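Order as written gives the chain letters A, B, C and D; numbering starts at 1 within each chain.
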Amino acid sequence: MERTDFGRIVAFTDGVMAVAITLLVLNLEVPNVPGNELNDALVDLIPSLIAYLLAFALVGRFWVIHHRLFETLRAFDSRLMTLNLAFLTLIVLVPFSTALFDKFTDEPLAAAVLGATLGLAALTHWLAVVYTLRRGLVHDHHRSANEPLASPVGLGFTLLFLLSVPVAFLSPTAASLMWAATILLHYPLGRMGARES
Amino acid sequence: MERTDFGRIVAFTDGVMAVAITLLVLNLEVPNVPGNELNDALVDLIPSLIAYLLAFALVGRFWVIHHRLFETLRAFDSRLMTLNLAFLTLIVLVPFSTALFDKFTDEPLAAAVLGATLGLAALTHWLAVVYTLRRGLVHDHHRSANEPLASPVGLGFTLLFLLSVPVAFLSPTAASLMWAATILLHYPLGRMGARES
Amino acid sequence: MERTDFGRIVAFTDGVMAVAITLLVLNLEVPNVPGNELNDALVDLIPSLIAYLLAFALVGRFWVIHHRLFETLRAFDSRLMTLNLAFLTLIVLVPFSTALFDKFTDEPLAAAVLGATLGLAALTHWLAVVYTLRRGLVHDHHRSANEPLASPVGLGFTLLFLLSVPVAFLSPTAASLMWAATILLHYPLGRMGARES
Amino acid sequence: MERTDFGRIVAFTDGVMAVAITLLVLNLEVPNVPGNELNDALVDLIPSLIAYLLAFALVGRFWVIHHRLFETLRAFDSRLMTLNLAFLTLIVLVPFSTALFDKFTDEPLAAAVLGATLGLAALTHWLAVVYTLRRGLVHDHHRSANEPLASPVGLGFTLLFLLSVPVAFLSPTAASLMWAATILLHYPLGRMGARES
């Protein structure tokens, strides 16, 4: 039951992620105040804007790593399709979890929900990497590149997200700094890769 | 009037299904409570989360079976395009029917509406399978795979969904278990297929 | 400045139309009533459901005719891109105009707004057909198929939509029957074409 | 780390821009008035309709210039992916900034926010043009076409948008005329290009 028509699976995945990332903007509500209070109302919106930017960068990063995995595949099976749908189920929850965290910034539980959403999405993606290597769905010349990702070390980002769940109960701010750190750690690595090419 | 440019038809279909599946998350509303009641409010959201997960899995399953049918086609005609639009009309109703069922979980009528939406979508898809076989739109080497789906036995899932409509009037919970059963029946079959490959 | 990469133009167009057609469902609001009034509330929703089905069929029909035009093109230029964006601007207004008509079903002005939206979209599409023939953007072997569409006779559907604007001021119901007629006239023609193939 | 599979990057970008441009219509709200006040309520909606048309044309223009840049690329790297995500982050903000400006048309701050959103999006795009030329990601036969865009002169539109931010504090109306001017300046140029082909 292997498949070579990645086209539609990838198009559907990209469509879902494109809608999910765009729905993040619905969290930014136009203030309902008189004109002379607009200045203050916009200042009050800054945390929501930061939450939007952070969530956009996180979903964007998930798209990039999903894109990198699927580039290396030579085949597809039903169980990978199920893992992919589970990944999308969690990505589509990100706009909800972000809005929850944005409204209850000081509540440990809200930060824990967002951390868990991100952590489970990362874990599902890691399971997909491991599964595609085990089942031989990866092109041979990409195996050496993907194998480190499937190692326990490759769980790094996933653990950082999952660790943010208990951290959230100590300090929601510390948890959000951990999520931001995954962006800062990821993008310089990307840049280094680009320099070497 | 046969067509070979499936590309756009499939891209439009995938786009509509990607938006519809993502709109399911709008049913999860951020609670409007003080911070110290967030815990209880999130517990109250769990049924909505389960409805979201179930509806996401159901629309995802419809996408998978649609994908499998279209893979086997060698041509397209206007009536299939009409059947496809009718299928999409019903899929786009799923976020509404899910939100209705989530709000009125104990009302037989709400469960019946969701059951009817799912049943009509499954029936439209079954009609498309039958039609493509009758009109010779299926590649010859896929006929043997598709013919069982077009038989009355292939109506199995459709009947399960349609049967959930009268069942809903006896017990909305029983109806929702029937929908969940289609997921559980589907995914193990997919896994078996993958093992054999 | 001709282009052959229709791919992205078509993908963007399909994306916009897929989102617009799916937004139509937002017009169906889950009733905010006690459970024992759900039956009556759902009966009250039937006109909204009919408006949804009609608007879905109309946008679906616009997608089909857009798809047929773009299949026949061998090149693209900036002015066609502008016409295409103008067409999309009007299609994206359809969910708004439909919601307006659904809320003010008996008001001539609301029916006139929806009729004008549909009529201008049809007119823009007709202008695109004429323009692509005049500028030689159509494949030679498709010219004979497209030329009748560019004739004043090809304006038929456009005139029916535009005529619905003054008719709306006499009877909003008559205007909505005219829109429905374009669906009924279109689909049998499509079916006949399929029979001949 | 160069990539040739532009397909997904472009599909994801088109998906995000298609959703963002369609969300603009959510700014047009169906008036909540009795039927006999519909006429006045629709007249009051005209500024919102103009804001919708202007924003649709602006996002459409950004899509066109993005499309033109990506047509000329022969490779892709991580930093360009980051620039592209930053561009999308700003495009997705346009529906919010437009709704803000539409609600607070006379407030300099609201016009400044929309001007800054458009200006930063244009600047990010200009940086992508410069970066792709510097890093040799552009096909050789497209270099001569792209180099003028990367010159300070190519910053023209970007400067017009950024200049609208201080202008907004003198007159929000003047700022909005500057945005409209970019449409009027752009489309005739496109038309001339088409005439020459």
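Note that in this section a contact is a pair of C-beta atoms (placed from the backbone, for glycine too) under 8 Å apart; a residue touches a chain by one contact, two chains touch by 3 or more.
All values reported here derive from a predicted model rather than from experimental measurement.
A.B. asks: Examine where the copies chain A and chain D touch and state whether the two sides share over half of their residue numbers (same) or under half (different).
C.D. replies: The interface of chain A with chain D is built from mostly unshared positions.
A.B. asks: For the two copies chain A and chain B, what rotation in degrees overlays their C-alpha atoms? Round to the nearest 5.
C.D. replies: 90
A.B. asks: Roughly how far is chain A from chain D, centre to centre by C-alpha average, rounded to an integer in Å?
C.D. replies: Those two chain centres are 26 Å apart.
A.B. asks: Would you kindly tell me how far, in whole Å, the mean C-alpha position of chain C lies from that of chain A?
C.D. replies: Computed value for the inter-centroid distance: 37 Å.
A.B. asks: Enumerate the residues of chain D that touch no fewer than two other chains.
C.D. replies: 11, 15, 18-19
A.B. asks: Using the touch definition from the top, list the residues of chain A that touch chain D in their complex.
C.D. replies: 10-11, 14-15, 17-19, 21-22, 24-26, 28, 30-31, 35, 38-39, 42, 52-53, 56-57, 60, 63-64, 67, 70-71, 187, 190-191, 193-194, 196-197
A.B. asks: Spell out the part of chain A that touches chain B in their complex, as residue ranges.
C.D. replies: Spelled out, the residues of chain A in touch with chain B are 1-3, 5, 8-9, 11-12, 15-16, 18-20, 23, 77-79, 81-82, 85, 88-89, 92-93, 95-96, 99-100, 103-104, 106-107, 109-110, 113, 135.
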